[in-house]
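One chain, chain A, links the two complexes that follow: it is found with chain B in the first and with chain C in the second.
Showing the complex of A and B:
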């Protein structure tokens, strides 16, 4: 971290298009996506429906489909495009600065699923 | 050119569970503005059963967290809860309920789900299908108590895992030689069932249960070879049967659950079925297949709603899928097994409870199993979802 609320993720070259990664250094973790069109987005990693990691989901255009029950979230806004999730995830500001992905964290409270304190099952 | 039939003016859904709620939701999402009535025999608003062996049983989430409806959701549905359907006359599309009332609509959707098979016996003997079942069991899961689980299927395994996490001394009894051989095949069934021993739970396979012992309260479970496994609490996880007893005599084909076309229509015009009670024709297997999984019960109503509103629909685009969480390991499976597949572990290591296994038939991947391999699993699952070569059928 450089300044509070800002995360230097990695060089853009380390995250190929169509890929995502989870940043566990922040709590709750965030997911960073590099779309096929070359855009970079960051949202909260934990699905709001149940305990699943969105960085492990299916990236299509500007949306990610949750790997557990296929809710889809708009990467630009975090809004739900398709249920079962009832509420959106937080969207953070992601930009590329000097070839590096930098995320400015949202100041909204996270919307974690019921019963989840931090991060998903199975890791 | 054929003219599509007019959409029904009213839809009556029997069963207010996952599939019933999803049917109402799908109709409204697809723009239906006719009358929708849902009958359900449980008194609760529609709720999710899957946490009943997981987070809810562990006490990490409460009853409100199970609700399927979003806060403020209003689907403009007439919900009639605590109402039990006792008969269907398909020709007139009339459903009779236990309170003596009759209900009719242009389209009747059967979404009655499944009922757990239960054993009868003294206090301390449980089964988990409803929120009341899970709450009752939770009250008895005290640290140090001896829990015996009959059946090493998904429900049994999740109860064992949750109870072990709460500090109980757990034994799982399985009549078959290999647990989960039905859904996963012997090789992978053994790998997944291996999680029990890794977490200090005893698994005994190959000996059927002869009976539950105890008069006022359970004291143990007797096996067919005469052994008695002492128990303070017993859970029977011995499967579920489609809730179709009330449809006997209706003339519907109930040979595999409510038998339907590939898009949910029964042989009776205007009568449809979806969710755990139904067996939609599976275009790949070439026979009706009853799928008892959450995702299929939730997603197929969108197919059915399209059929109701447009007169035609394509079969579900994705193969059956389920997940299970046990001992902190996420198990996921998608696809269809014929039973003669070759299975190869393509990533991970069974010794680390991490596996990605692909099932192939004639060289083609037909199913995939993941244990803590969500990312790779998701990719492979997608590659299975090839369009099906069958025409749309009503």
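Showing the complex of A and C:
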């Protein structure tokens, strides 16, 4: 981290288009996406329905489908389209600075599913 | 041994138990079908990412599918958690991932474990190690071939070598551009016979004049009992008044334009051990795949392949299909007539092969070596 609330993720070149990355150095972990159109987004990695990693979901356009029960989250806003997940995830600000992906974390409280504890539990 | 007393014209077949013993069939599953290259499905059977087919290969159920990039993938159809079948249907589409119906372990289209309830709290579970177990795949003739071996045999030395043995060189099959043809008709036969009876039947033509009147009409030389598979690169010539490879000898469909001159008005046949038969005529190619299901049961899936323009235009292929469909029915009826007798005391030491069938002896030698008997 360079300054509080800011995460230097990796060089853009290390994350090909169409792929995603889970960053678990921050808590709760975030998911960073490089879309097919070349845009970069960051949202909370943990689905709000159950403990599933959105970075492993199906990335299409500006949305990712949760790998476990297929609720889809908008990468720009974090909003969810349809149950079983009922609330959206936080969206963070992602930008490319000098060829590097930098994420500024949202200051809202995270919306984690029941039973998912913060911190290094079970690791 | 009976064989020592056989007259010179005859050689022995395999003993009856080779066709009836479930233990021997299990040995064949393990040493032949789960080790060699096995033709599992036509590529067009799984047209899109997430489309799948399940097929029985030896004792295993195998999923044939396509990943997100459209590349062919094949997996053992077993959940890595507690073993539930992943795909229970013979064909369909899973959409974007394979999800087990039991505890929702979820695998992406490359087989990687991508989600499961509480998976992020088990970071020591390697997603690839606990992914679906992939099997080797190879695409050839527009078909998906799989090998369940850890180290598959060389495709060139096995599958392609069968083509060389039969046709002299693979180029003689390449002329048909089989991978570019379209399926005009598929018929699936559920045959109550051991798979080897079907192979042996396909290899000889001693029976042709007796049970295949239509085929012998189109290919008169079959009346002498020597099959196209007795010689190297021998095509059986169409009869002088025959226009095409159809049930009544009427004209066929548009010929495949890339054939060599000596492939015109000829019929060729290849057996690719252990479970594929290919027939080539100027306007179509017929590909049979056997799926041995039990010691006394074999499912045979047969495709009639034509130029895509023929299939797209909706031209009537029924007279063309009918010829070999009848041949199949006639052959499988004969195989089913043999199966019950394989357990007779009279067949304990097997039967005999006449000279026009002696090349089947090589198949029996190959089989004994493959199963280590």
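As a working rule, the second predicted complex is superposed on the first by the 117 of 123 C-alpha atoms of A that agree within 3 Å, B and C clash if a C-alpha of one lies under 4 Å from a C-alpha of the other, contacts with A are read in each partner's own complex, and residues count from 1 in each chain.
As a convention for this text, a contact is a pair of C-beta atoms (placed from the backbone, for glycine too) under 8 Å apart; a residue touches a chain by one contact, two chains touch by 3 or more.
What you see is a predicted model; the values in this text were computed from it and never measured.
Asks: Label the relationship between chain B and chain C on chain A in the superposed model as either fit or clash.
Replies: Aligned on chain A, chain B and chain C clash with each other.
Asks: Could you tell me if A:100 is touching chain B, chain C, both of them or neither one (first, second, both, neither)?
Replies: Neither chain B nor chain C is touched by A:100.
Asks: Which partner does A:58 reach: the first (chain B), the second (chain C), both, or neither?
Replies: After superposing on A, A:58 lies in contact with both chain B and chain C.
Asks: Is A:86 contacted by the first partner chain B, the second partner chain C, both or neither?
Replies: Once the two structures are laid over each other on A, A:86 reaches chain B alone.
Asks: Could you say whether A:67 touches chain B, chain C, both of them, or neither, answering first, second, both or neither?
Replies: Both partners, chain B and chain C.
Asks: Touching A:46 in the superposition: chain B (first), chain C (second), both, neither?
Replies: In the superposition, A:46 contacts chain C only.
Asks: Find the residues of chain A that appear in the contact set with chain B and again in the contact set with chain C.
Replies: Correct list for chain A: 51-53, 56-58, 67-70, 121-123.
Asks: Using the touch definition up top, name the residues of chain B that touch chain A in the complex.
Replies: Residue positions touching the partner: 25, 51, 55, 60-62, 65, 68, 70-71, 294-295, 298-299, 323, 325, 328-330, 332, 372, 374-375, 377-379, 382.
Asks: Within the complex, which stretch of chain C touches chain A?
Replies: Those residues of chain C that touch chain A are 96-97, 104, 106, 108, 114-123.
Asks: Sort out for me which residues of chain A touch chain C in the complex.
Replies: Its residues touching chain C are 29, 45-46, 50-53, 56-58, 65-70, 116, 121-123.
Asks: Spell out the part of chain A that touches chain B in their complex, as residue ranges.
Replies: Going by the criterion above, the answer is residues 51-53, 55-58, 67-70, 83-84, 86-87, 114-115, 121-123.
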